[in-house]
Amino acid sequence: MTIEQLAVRLREFASARDWEPFHTPKNLAMALTGEVGELIEHFQWLTPDESAHAMDDAERAEQVTDELADVFIYLVRLADILGVDLLSAAAAKVDRNEHRFPAR
Amino acid sequence: MTIEQLAVRLREFASARDWEPFHTPKNLAMALTGEVGELIEHFQWLTPDESAHAMDDAERAEQVTDELADVFIYLVRLADILGVDLLSAAAAKVDRNEHRFPAR
Amino acid sequence: MTIEQLAVRLREFASARDWEPFHTPKNLAMALTGEVGELIEHFQWLTPDESAHAMDDAERAEQVTDELADVFIYLVRLADILGVDLLSAAAAKVDRNEHRFPAR
Amino acid sequence: MTIEQLAVRLREFASARDWEPFHTPKNLAMALTGEVGELIEHFQWLTPDESAHAMDDAERAEQVTDELADVFIYLVRLADILGVDLLSAAAAKVDRNEHRFPAR
């Protein structure tokens, strides 16, 4: 699956449930924030080192994967509604960052 | 570019700057949160309707695209560090949501 | 109760549970973020008008009050650890904002 | 100053600028999120230990104090609009937590 195919699937998912009126950029940005909040809760009491081994625990790995999926889904849906190509935007940003932060 | 190619580029970007020690899941989850906070600021005083036309303003469109890129970059980097395939995780989540929220 | 009394109570609460090592500014800032994420979920699908009547529903009112308490508790704890007096800092900020945004 | 006095001052501040229509719970929850995002950026690349000494640097201390003030201001304004007494809500929550997490 590509991001574009995921975006189409999310469009159809929202349409089939009459959720389109709720999927404004404002609401989707809030939903994205809520999911990021759930993701960060998995790491808040871990040391940075512990966080690097967070996926060693199978139950936590499943939950973290699920939260990453939720964040990604809302990000792809928001970008689709706004007409932004995430991969192009990211490539352009990394290009700029390579000038902004020169390598050693 | 694919997500995998972006992930490789971000790996090389971090490596070339000796930033790998900073890129723990804990730190990257925080950075992701910070970028989502910058994204949401563009929509906080708009009505939902106004937010649907946020990209009509060229300057705002550029800023919103830039924030979406930042969110996406940290999400891809975090998923890469954690060993999570975002597209597979999202597909699995949408499958589950189709059972959880049956269409009309 | 005052904020200072709440801060003391939270100090004692953490001490009695040996949670002090976890209460670094970094971790508390993450916990604050997580709670704000839970708060925002209550408003994400409401219109602004609906959000103004969110407390008419008794069950939601209780949940929103609970989330506001969690956000406040982590904010007071974080400020206490950092040695910041929230009321003085807020008063100074409002003073500055009165110059920055002159009234009609 | 007390929280109640700060809430009154924020009410008057908004009223004098005709900002009341913008201060819905939905919008204020978003603004709160944005400010928390700015706060967390100060701690994201620090180790937990470094974060415990974040206020040793005078410039950073000023910025962190400023962000804490912004978070607190939006939290007090949101609670005021929703009719929630933050100190009472926090006291009730700590009471519940004392039962939920018994001390050693």
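As written, the chains take the letters A, B, C and D, and residue 1 is the first residue of each chain.
FYI, contacts are C-beta pairs under 8 Å (C-beta built on N, C-alpha and C of every residue); 3 or more make two chains touch, one makes a residue touch a chain.
No experiment lies behind these values; they were computed from the predicted model shown.
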Chain pair with the higher count of C-beta pairs in contact (B-C, A-C): A-C
Contact-pair overlap exceeding half with A-B, pair selected from B-D, A-D or C-D: C-D
Interchain centroid distance [CA atoms averaged], chain B/chain C, Å: 26
Multi-partner residues of chain D (at least 2 other chains): 26-27, 29-30, 33, 36-37, 40, 43, 47-48
Residue ranges of chain D touching chain A (in the complex, touch as defined): 26, 29-30, 33, 47-48
Residues of chain A that touch chain C when the two form their complex: 22, 27, 30-31, 33-38, 40-41, 43-45
Chain A partner contacts - residues on chain B that touch it in the complex: 1-3, 6, 9-10, 13, 16-18, 24-27, 29-30, 32-33, 36-37, 39-40, 42-43, 46-49, 51-52, 54-55, 64-66, 68-73, 75-76, 78-79, 81-84, 86-94, 97-98, 101, 103-104
